[in-house]
Structures are given as C-alpha cells and as structure tokens.
Amino acid sequence: MQLIRLLAVFLVLSGVFAPGMEAGAETVDDATLRPLIQALAAENFDETTKAVSGLAKTGDARVSAILNALTAGDLYIVKADKAVFIGKRDGSDYAATDPLTGAKLAPVPRNAAEKIKVNNRLRRDIAAAIGGLTLMSDNPAERRSAAETILKTRDPESIALLDQAIAAEKDSGIKAVMQQAKAAAVLNSTAPDDAKIAAIAEVTAGNSRDALGLLTPLQGSDGPVGDAAHSAIDSINGKLALWNGIQNIVYGLSLGSVLLLAAIGLAITFGVMGVINMAHGEMVMIGAYTTFVVQQIIRASAPGLFDYSLLIALPAAFIVSGAVGVVIERGIIRFLYGRPLETLLATWGISLVLQQAIRSWFGASNVQVGNPSWMAGSFDLGLLTLTWSRLWIIVFALSVFAVLQLVLKKTMLGLRMRAVTQNRRMASAMGIRTPWVDALTFGLGSGIAGIAGVALSQIDNVSPNLGQGYIIDSFVVVVFGGVGNLWGTLVGAMSLGIANKFLEPFAGAVLGKILVLVLIILFIQKRPRGLFALKGRAIEA
Amino acid sequence: MKAKDTLLYLDGVSVSFDGFRAINNLSLVLQAGEMRAVIGPNGAGKTTMMDIITGKTRPDTGDVYFKGEIDLTRHDEAEIALLGIGRKFQKPTVFESHTVEDNLMLALAGPRSAFSALFHRQSADEAERIDDILHTIRLHTKRDWLAANLSHGQKQWLEIGMLLAQDPKLLLVDEPVAGMTDAETAETAKLLREIAKTRSVLVVEHDMHFVRELDVKVTCLHEGSVLAEGSLDYVSNDQRVIEVYLGR
Amino acid sequence: MSSLTARFIGTFAAAAMGAALAFSPAVAADDTIKVGILHSLSGTMAISETTLKDTMLFLIDEQNKKGGVLGKKLEAVVVDPASDWPLFAEKARQLIEQDKVAAVFGCWTSSSRKSVLPVFEELNSMLFYPVQYEGEESSRNVFYTGAAPNQQAIPAVDYLAKEEGVERWVLAGTDYVYPQTTNKILKAYLNAKGVKDEDIMINYTPFGHSDWQTIVSDIKKFGSAGKKTAVVSTINGDANVPFYKELANQGIKAEDIPVVAFSVGEEELAGLDTKPLVGHLAAWNYFQSVDADANAEFIKEWHAYTKNDKRVTNDPMEATYIGFNMWVKAVEAAGTTDSNAVIDSIVGVSVPNLSGGSATMMPNHHITKPVLIGEVQDDGQFDIVYQTPGLVVGDEWSDYLPGSKDLISDWRKPMSCGNFNVVSGKCGGVTN
Amino acid sequence: MITQWFFTHVDRRGAIVIALLVALACLVPLSNLLLPPTSALHVPTYLVSLIGKYLTYALLAVALDLVWGFCGILSLGHGAFFALGGYAMGMYLMRQIGPRGVYADPVLPDFMVFLNWKELPWFWHGFNHFWFAALMVVLVPGILAFGFGWLAFRSRVTGVYLSIITQALTYALLLAFFRNDMGFGGNNGLTDFKDILGFNIQADSTRSMLFAATALFLALAVFVTSFIVRSKLGKVLVGVRDAESRMRFLGYRVDRYKLFVWTVSAMMAGIAGALYVPQVGIINPSEFEPANSIEAVIWVAVGGRGTIIGPILGAVLVNFGKTYFTAAFPEIWLFALGALFILVTLFLPKGILGLYGTWETKRKDRIARKRSEPGSPATERATPIAEPQAAE
C-alpha cells in the first residue's frame, strides 16, 4: 500500500519535472544552483553554455527540467532585476514559476520580461547535458534519445557512463545505439589503438552514413587505426555506390508518381477527349486549395480529426474540381468539339480566370497545408532514406491509376465514355446521351486532377501558381506516353522520373532537366505518336 | 523473275498491326492496261493493300514491284506518286478551301519542288490541260467554286479528275461510288472505263451493280488474302465467297 | 451571324472605345502628388510582391492621415507588371511619362530592376527598390533599401562559423544572378578564412524546383563527413516550401545541419508547418519578432489597416517603410518633388527603422542596416539569436570580387559617380 | 512595272495594310520629332516605343500565322525563335557598350566581369559587327528551325505531338538560358544598352527610327507572306493544312514544303525579336517562357488565323488590352483578359477578321455560283471557307 502510494507520487513528480528522475540522482542545495541558473541569463552564448555544463555537472535532478524549459524557450528574466523564471504566456503577462522550487510567482508583464536566447548550438549542448543525466532514465525513449545525442556529440567523457548504461540496458535496440555511441566516443578519445580498431568494426556494422562521418577524420592518421579506418571507408563506399543506384530508381519512381498524378487527369481530358486543356493545372490547384479549406475547417472545429484531413479532402477535392470541370464543359467546351485548337484558347482563358479568382479569394501568398502525422518523417531502408510522404504518394498515384482503369474498363460510365470517344454518332444513335457522357468524362478528368492536388499539396507550394508549374510537364508526359493511352501515361511518367533522377547527379538538376526534354524531342522523332502509339490504318483516317 | 512485264506485282505480302494480321500472304498481279475490281467484306484488307502499294504502310514481309523492277517498299508516298501511281481515297479528299480549278492545278503533273512552286506561273499548256479535265469530270461550269461547296458525288469526281491531272500509269480507286445516286454511279462507271483505255486501274468497291457495270476481272479478298479471282460471275458463284459474304 | 455574336461585337467595340478614352493621358490634378507602385500582382512573383503593394497603400494612407506631403495628399498609382520583365519597363515608362508620378516604389527580382533601370535614368525619375539583391550596381536614380550581400550573407556566415562551429558549407541556390553572385562572394570570403574547396559544395537548381529528394540526400551525405556542416540557402521563394518540406521529411534537424536562408521570411513560412523546422536560420535586417516599440506600433496599424491580425510583416516591408519615409523626408527638405532636388537632398537623410534604430541613406544610395539572425520558431516567427552590434553600411561593390573591389560609388557632388575606380581615379561609367 | 508586279502578289487588303504601315513609318517619327509636345497630333515617345513593341509582336504573329494559319503547323514554341533573334541583337548591343560598362572593361560585358570571366566566350565573337549580328538574327533561329523541322517533319511528327515538342524546345531553351554558365547573362539577361549603330538608344530620334524600321519590316513581312500565300507554294501549303496525305499522294514532298515555310517563319520571328530588344531595352530568358508562345498563338486566333491582317490586328489589340487593363484594373485584369479569350473563341471562332472574311468569301462564292449556274439558288448547305482541319 505504502509502496503503491510512493510510486504514485513518484509518477506525478516525474510528470511535473518531465524527463529528469533517474536512479541515483543527487540533490544539491539551492544556494549552489541559484548562481548557476542566474548565469544562464548571460549576454552571450558562450557564457550560457558554460552555465549549462555547470548545471549539468551538479547532477541535480531538477536541472534537466530547467534545461528543458530553456530549450523550449520558456526561461525568462525580469528586465529590472535579472531574476530568472519559467514563464508561460497568459494574455499580456507571463504566468511565472520559480525554476528551482516550482513555486508560483507573481505574473510578469510581457514587456518587463526578456527571453533567454537559445540557439542551435546551445540546444545541442543542452541535449548532451541532459543526455548524460537521462542515460539511466526509466523511460526507454529518453534513454534512446540520450544515446543518440551522445552518438552525435561523441563526448569521450561519457564512455564510463555508457558502459554503465550498456550493462544495465535490457532493450536490445537501445543497447545497440548505446554501443554505437560508445564506439563513436572511443574513436573521439585517446583510447589505445586496439580499442579504436574494435570501435571501427562496431561503427562499420551500424548505419554506414553515420559511420562515414566518424571514420573520415581518422583516415589521415597513421598506424593501424588509420588503415582500419581506410578499409572500412572503402567497404562502406562500395555499399553506398550500390545504394545510390537503388536510390535513383526509388527517387525516380517517386518523381514519376508526382508526374503521373499531375498528368493523369490530363490523360483523360486531353488524351481521351482531345481537349487541349490548358486549365488542367488549375484543376490541380483547386484540389490543393480544397485541401486547405478542409484543413481550416478541421482546425477550427475538430482538431482531433486532423490526421484524417487528407482522407476527407480527397472526396471533397474530387467533387469540387469535378464540378468545376462539369461547369466548364457545359458552359464552354461543348461548343468547341471538333475544334481542338480552339479549346486551347478557351481553356487558356479559363486558366487565367481561375488563377485570378483564387488569388482574389485566398490572396496571392502561399497558404499552409499541413502534413498529417502519418505523412511526416522518414524511415531508413538499408542506406536509403525514404520519406513517408513520398512513399504514400507513390502508393496513391498507383491506386488512382488502378481505380481509373477499373472505372474505364468495368463500369457503365466507362463503357459509354469509350463508346462516345470512339464513335460519337454511333454511340448517340444507340441511345447514349453523349452530352452527359462528355460532361461526366470532363468532370472525371478534372476531379482526378483535383485529388492529385490533394497529394501535391503535401510536397509543394499551395499558391495560385501551383498549376502553372505542372502544366508543361503534364503535357509532355501524356504526349510522350502516347495520347489516348493511360498505360502510356503511366510508363511515360515513370520513365521520365527515373531518367531525370539518373541524369541529375552528374548533370545537375538544371542540365538534367534540359537533357530529358531534348531526349523527349528526339524520342518523338523515332515514335511520332508516343510510346504507346495505336498502330493501324485507323489513326490517320 | 516473275514480276517482269507486269505493272504491279505483289507476292507473299503480310502486315500486322499489334498482332492483328491485316494482310496475310497476299499475292496479286496486274498487267499494264488492265482494269481490276477488288471486292471483299469489311476488314478484308482492301484499304491496307492500297496503303502498301502507295507506300503509306510498310509490309512486314513480301515483295511489291511496280513496272516489274521498282521495289515500292523502298519508296515513300510522294516518290511513288511521282512514279505514276495515283490514289483516290475512300472518303473523298479534296482541298476544300481551294477552288475546283486550283485543286486540279495542284494535281497537275510537273515539278514538285518548293522553289519552283514559289515562282510558278501558269502556262497556257497547263490551262488547256485543266480545261480538258474539267470537261472530262463534268465540272467545267464550277471551276471557281470552292471545293467545299461541291456535292458528295462532285467531290468524288473532282478527286478522280485530280488523279487524271497527275497523269499516272496506275490508278487506285477506293470505293468511288459510295454515297452516289444511281445516275451518278452509272456516269462514274462510264468515266472509269474511259480512263482504263489509257491506263491501268485498280478499283475497290462494295457495290456489285457497279462492279458488274465495269465488267472486268474481279479479285475477292478475305482476311488479308485472295479468296477467289476471275470474272464476276465466276467469283460470285464460288462457295467460299458466298460463305464469306453471307456470314457463317 | 447570330444575334449573340452581334451583341458581343457591340460590347467589344464599346469597351475598346472606352479603353481608348481612358488611355489618353490622364490630367494630373494639382492638389495631389502621385506615387507609382510597380509590383507584380499576377504571375509568379505576385506571391511576394502583392504584400508590398499593400504596404505602400498602407503607408500612403498613413501619410495622408498625417496631412500628406508639402501640404498635398499623396495619390497611389498602381499598375500590374505581371511578373513580365519587359512589361516592367513599359509600365515604368507609363508611370513616369503618362501619370507623371513623383517617385516609384517597386520591383522585386533583379531582372525587373535591370529592365526598368534605363527608363529611370533616361527620364530622370526615382525608384525605391526594397529587396535584398546581389549588389554590383549603383544608379543615381535608384535607392536600394534592401540588403546588399555584406548586409546579409557575410554576417550570417560569420555567425555560423563562430557560434555553431561550422566547417563545411553547402551553398545551395536557385540558378540565377543573385545566388550566383552571393555564392561567389561567400566562396571568396570562406576561402579567405581558410576553408578548403573540398569543404564547400555549390549546388544550383532551376526556378520553382520542386523535387528535392536527390539534393537533400546529397546534402545529408555531404554533412556526414565528420565536420559540422551548414547549408547557406539562396533558394528563391517558390522553391523553398518543397525544399523545407523535404528537409523536414528526411529528418534533417537544425541541430544537425542548420540551413541559413536569405530569401525566407515570415511570408514564405506562412505556407509551411514550421514545427519540424525549428532552429533553421534566416538572416535579415528585420524580423516581425523584433522587440521594439516602433515595430509593435507598425504591426498594430498594419493589422488594423488590412483588417487581418494574421497578416505577417517581413523585411522587404520594412525596407519599403524606410524608403518611403526617406522619400517623404527628402521631399520635405527639398520643398519640391522634383527629382534632381530630391536626389540631392536624400543623401544623409536618416529615418527610424522598425528595429529601434535608424537608417541613413548613404552617398552610394544604399542604406545602413543592422543585421539580424533569427531561428525559425514553431509559430512561423523568428527568434533573433544574433544582432550586429552596430549598423552595417550597404556595400554596392563587393570587396571580394576582383572586378569590383576597386570601385566605389558616391552620388554627392562633385564626384557624382556610381562606379569610381579608386586605383585609376576615374569615374568608369557614363551614367550621366 | 513594279507596281504591277507588286499587285499580282498582294491582294487589295494586303496592299492597304502595307500602305498604312509605310505611312505609319513616316508619320509617327515626324510627329514625334517635329511637332511640339503641346500639339494635339504629337505622338509622345512613350507611345512610339509602346506601339513599336506592339508591331514587333505583330511581326511575330504574322510569322506564326504563316505556319499555323496557312500550313496547319501549330507551334507552341515560336517565342524561342523570337527570343533567339532578340539575343543576337542583344549581344550586338552589349558589345557596343564597350568600355562604358560599369567595370569599364573594354571587351567583356559587365555580367562576365562580375562572374569573373577572363575572356570572351567563342560565340560572342563577331557580334561587335552589326552585319554579323544582323546575319545571326536570321541565321540562328533559321538554323535551329531547320534542324528541328528537318527531324520532325521527316519523321512526320504532326498535330499535338509537334505542338508539344515545340513547347518542350522553348522550355529547354528557357532553362538553358537561365543558367549563368551559358554565357548569356543568366536570369538578368542582357540590358543597359547604350547605342545602336552609333546612335544613342534612348534618344527620341533613335526610338522613332526603330519604330519606322519595325513598321517597314512588318510591311515587308506582309508582302513576303502575301507573296508566299498567293503563289502555288501557298496553295500547296493550304493543301497540306487541309489534307496532308492527299498532298503526299499527289507527289509533293510535304516535309520539304513544311520545312521551307517553317524556316522562313522562324527567321521572321527572329527579326521580330531583334527589333523588339532595342525598343524595350532588355532581353532575358523569360522571353522563352512557353506562356509567351501560347500568347502569340492567341493573338493570331483572336485576329483570325489564315489571314494576313488578322494576326497584326490580334497582336495589337490583345497587347493594347493588356497595357490598358494592367493599368486600369491592376487587381482583376486577368479576369478581363481571360474572358476576352473565352468570348472570342465562343463567338468569333475565326477571329475578329473572320467576321469580315466570312461575309466576303460568302459574297464572292455566291457570285461565282450565280455566274456558273444562272437561276440556281445559292445553297446554304456548306460553310464557305472549309473549317481548316485542326492540328489533329
């Protein structure tokens, strides 16, 4: 009973003092700490850094809470007497607490306080300092981050601490990180050669890119350590070269998916219907802005749903862009069938109007579309860093493609669409309401452009110019693949993406893009009707 | 070489589009001065055959010779046209925004280079040729009309007139009477017979009355190869031809 | 012809006639002073420039509330050069010749400034240019109120080297003149400080580049050589959002590889979720977060004017503010809006800036500025981590470029020269 | 004699336009230079260079119409030829600056000094001579067009495929010229010109002369276009536009005809660009923007494709509209411009001139038919001018 209550208190306390309670924490009396805390409010970062390490050296349990407050930018001084306090914004005042005791102080007006400045270096030092304090923490995540911090700082002084922690560690994952950290620290220390060579073996087995960073400085040193580092680097470089190829393919696929998404709606409005749809990019833009509006509504009314915002935005964008598409088709395009070049003119006009409309409505600047948590971050696959957003976009692009194929091949609408585009008069004679099919086809193409906008909002600017950035690439993809052939669009987009990524490393991004364009121009000479051209005598009839 | 002394010689010609064999081991020989009618159901490969002769489509395999020695598969459309093969399309194809006279002027045999065209002045000789042809195709009263304003039958004739202006050795005529009235059909048959006096003609047609009126040797195509060849009566009594036409 | 067509033609003809009427030179009212605003409101640059148009309208409004200038009200003449450089020249000419404006505030890109420069010199008018640029220019008719490279880039590099201990540098930029020049200056500067060539990586990307996977991954690779690495970014506005998104997604944190940018301000961050970017840096001469009374006042009034308390302020806005106030002060000192008089009286004019100090127009038509370095915060604002102790004078001719190190500019009489060569002792150009 | 030769190659409308342009070339400079600014007939310099700019656009539009209107080749990359001509002229003007640049380098243009280049790249040699630059103005676009066309027309790239690769061409050039390493001044392009043929480029008289030159070149272009269109070659081109394969089966080497007219058109576009640059005072890569080329197509469409005057009318009207709208309604002018394009497409499918053209052709055709078949009523069945087959 007693024990449970103690545990409860302990938990509450660790909650209050956040990451800081560890086994064997010492307590230093306030009189020692006060001046050190006061020293945090130094005029320059060097002084503050000294104060931080001074605080960390005391080993006091309360220090990490104070340092965390400093990192978070919650530590202030009162301008008048330079007293340090932890502040939280509360209207025009700061609700103040004492950094040591946690006691509530009188609120400080905002203009009477000054924030203690932190920069990256300080944040790094604090993380290192806290790392030393939290290496034995009960919280596995904290232990891991502490080990990772040491891996970066390579502080030789933490070797002993790490040994202790490694011995106590149960989680094999964290243990591995700790061992890496220790090896890194050893390499950075004045340890004997054999210890260093062992450490080299240790880091080589881990993440190669980090290892490269650790080993490169050793390369120049003489003796067995230098040789070991040298051969380790060679083996890592060999591995990296292989992974570079893989990386190019994966990045190429990812770029290809973006191109595919941008072009696939056009493959319908232009490829299937023959409308030279210069307003296609604006449909993508409308989709992106729909995402923005959906997120605004969610932020305002149901913040908990934010992670689902993209899922909600998908149908919304499809409907909004699709509806705009239907209106454009009914209002303008339908008068222009059989005059494809005039559609170029009219849709160019439409694109100007839509851009200006969005600009007048939402302003000319970028609007912020957030990444839901499942789209953020990255993971490592071998030596490859894959970001979730890119991965999802590949998956998404391919699903859109698959669904579109299904719609065209398996549904009544798809059947009618194909009938109308192949032989309008015959279809109409068979009782198909061709005007409706036209409107729906154009709506479908526009709607798909809209959902592409949802995806693109995750990786690009959302501004009135969004569409303009994709329109040329989209046309090139559709034409390269072969007008009227969805598979051509898929293969075209992917091959352009991969070609671009293979050219980029040695030609640079600009020349790479130019080369791709030149290659396309030359390719069209070989296959004047694109990659997947329809053969036969029907084409020129 | 068997091709010798023939005007047009096709042997073992095959072509396929995306796996579909449009022409399958086709062989056909046309003598100089001969008129031949080619019949066959839709998809028999009639138009593709013309595409091959005129250089629009390259055969996958097989020989195509003109005048016994010229390998047509090595020439493109313009060269083949200049060799003396004229072609009329299934759908009448004239230059709709030109006048009837200009249509003929463009077709008139003569230099074809861009520079000669830039500085070309019409000679009296050419004017006379155009007058002749206009009379032949019965459009002399409409020489200033835009071709777009001609009736369907008149366009067909204009196109035939353009072939004549080209002065070819061989005319390929694809469905010349489609969409014509009976009277026009009869006139057309007369016109073609007249033409055939001086040159070879290959006519593709569906209309059996018309073919009968032409009264020439008939070749029936089916699925890209020759099914039967002979007089119309012979061909139309062939059991396989009947099957193909009536369906099975 | 359908009656609809007829009606359309009728409307069109009427519109054309109306246009022709309106096109004839406007009669300049004597009781106002016209001020031209030459910022793109459409096209690719609208994203940045629209705000400056609003700022000018706001400043003119404020000035008119205070009674205008020389007892006359100011009247804004807004045109849209539509991010089209030759159109900038046409519009500049229209503003000066036709609308007879007293001065023009405008341009963003260097190309647009280069495009209008001959027009301003020919017609002897005044342009206030509020954006940081590559330097290497000084015109009698142009006043550069944005930063020259020494007012932005060099202090930022110094800061990184000193405070963050950076030894390896990635100079990443969009492929055009400003980044190229800035990087050239920086490279010369870094080399002079003992940084070896293998520790400098220079990378250029096209305008509006949106696929940053390879480059970010290269930066990561470059940064894993055991030396502290930082990115100095001269990436142009549009391409920044995808760049930062890729950085955040690939997990490059400011503590590992900080990025210091010269073209990313509050306005650009408005399109981003800044939580993963906390700690990345920007170097400017003003931040919205500057703790000064003048700034607080300015922001308050700006919010009141735009009726939107979310509208951010940024550095080019401050530069516009300074330029405008300098012009007002110079006009009042000269007692006329005549260009020659104002150009003579504006040198030495000093007005308060928004960061609590003041800005002075120097004889080279550049101004004095403090250099601030800020770290991105999670609310899209910057936390100022460094400020130059004094003011830095804009250096139009960089000391780090061999072609320009001997040049100076002084538009005061009797020198009155934009490119005086101190070695030969001659004025190099023919600009009047 | 000459007049007769002239009138056999130009129709009445063309002659009027040529006369008008020649008159403009004489009167505008006179009015600008001789009349006092207070005079009601004085044309201010501002308008001289503005209209001069419109006329260079009109020249580009005429060039574009020659290939699109008369031969059915829709180029979405004609801006590239225009810009190349402009760059050739810009390089000449750049070299003319000589030691008057800000760094006072006698040979190197400012931007090269500034990027620390030591010597002039090889392709800048020769541009100090006007005749060489003038030659390059037509040769560079001409050779590019010839090479591109030779490949594309021989491979029978047609329709949208051709349109899109022309767009890819101009886009690739845009990216290339943006690169500082290319040696064309990068994003800022070439600017700060001082004089042309020894005359101060900012002087009113020079501006007037440039204006006159532009008007005369446009008149020449109208004549050349008329000459081509009214020759047998022109009829072949229209034939290619309306029924390309028929032309081929008649024995015409369609690719050569296309190549000829394509190259001529590119050269005309190059001249337009060369006249444009000294009048606006800058040339930079944004002239390669695909959007600019599309806009040029729109001028032609608005004015009326397949006519000679239509493109001129369209270019001047649309650009006048742009000038006017961007000043009068800077915030919403894109609505007006966009709406103009939509309305013209919907209600004036043959452009502004198409209206007049329709009436006239109808009239002529009716007369012809009346003459041939007295008493027979003119049929209302077909459209008088056949709808030109679109690029498809």
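So that you can tell them apart, the chains are marked A, B, C and D in the order they are listed, and the count of residues begins at 1 in each.
What we mean here is this: contacts are C-beta pairs under 8 Å (C-beta built on N, C-alpha and C of every residue); 3 or more make two chains touch, one makes a residue touch a chain.
As the structure is a computational prediction, the values presented were derived from the model and not from experiment.
Among the pairs B-D and A-C, the greater number of C-beta contacts is found at A-C. Seen from the C-alpha centroid of subunit B, the farthest chain centroid is that of C. Each chain gets a centre from the mean of its Cα atoms; for subunit B and subunit D, those two points are 42 Å apart. In whole angstrom, the spacing between the mean C-alpha positions of subunit B and subunit C is 71.
The mean-CA centres of subunit A and subunit C are about 29 angstrom from one another, to the nearest whole unit. Averaged C-alpha coordinates give centres for subunit C and subunit D that are 35 Å from one another. Subunit C has residues 41-42, 175, 204, 206 in contact with two or more other chains. Counting only residues that touch two or more partner chains, subunit B has 56. Counting only residues that touch two or more partner chains, subunit A has 355-356, 468, 510, 513. Taken in their complex, subunit A has these residues touching subunit C: 45, 73, 114-115, 117-121, 123-124, 127, 152, 209-210, 212-217, 247-248, 251, 254-255, 258, 355-356, 359, 363-368, 370-371, 376-378, 385, 387-390, 458-465, 468-469, 500-501, 504-505, 508-510, 513.
Subunit A contributes residues 270, 274, 276, 278, 332, 335-336, 338-342, 344-346, 348-353, 355-357, 360, 468, 472, 475-476, 479, 483, 510-511, 513-514, 517-518, 520-522, 524-526, 528-530, 540 to its touches with subunit D in the complex. On the side of subunit B, the complex with subunit D involves touching residues 54, 56, 76-79, 81-82, 86-87, 89, 93-98, 102, 105-107, 112-114, 117-120, 141-149, 162, 166.
Subunit C makes touch with subunit A in their complex at residues 41-44, 46-51, 163-165, 175, 203-206, 208-211, 213-215, 217-218, 220-221, 223-227, 238, 241-242, 245-246, 248-251, 254-256, 258, 267-268, 270-273, 276, 279, 281, 291, 375, 377, 383-386.
Across the complex, subunit D meets subunit A through its residues 74, 148, 151-152, 155-158, 160-161, 163-165, 167-169, 171-172, 175-176, 178-179, 245, 290-291, 294, 297-298, 301, 331-332, 334-335, 337-342, 344-346, 349, 387, 390-392.
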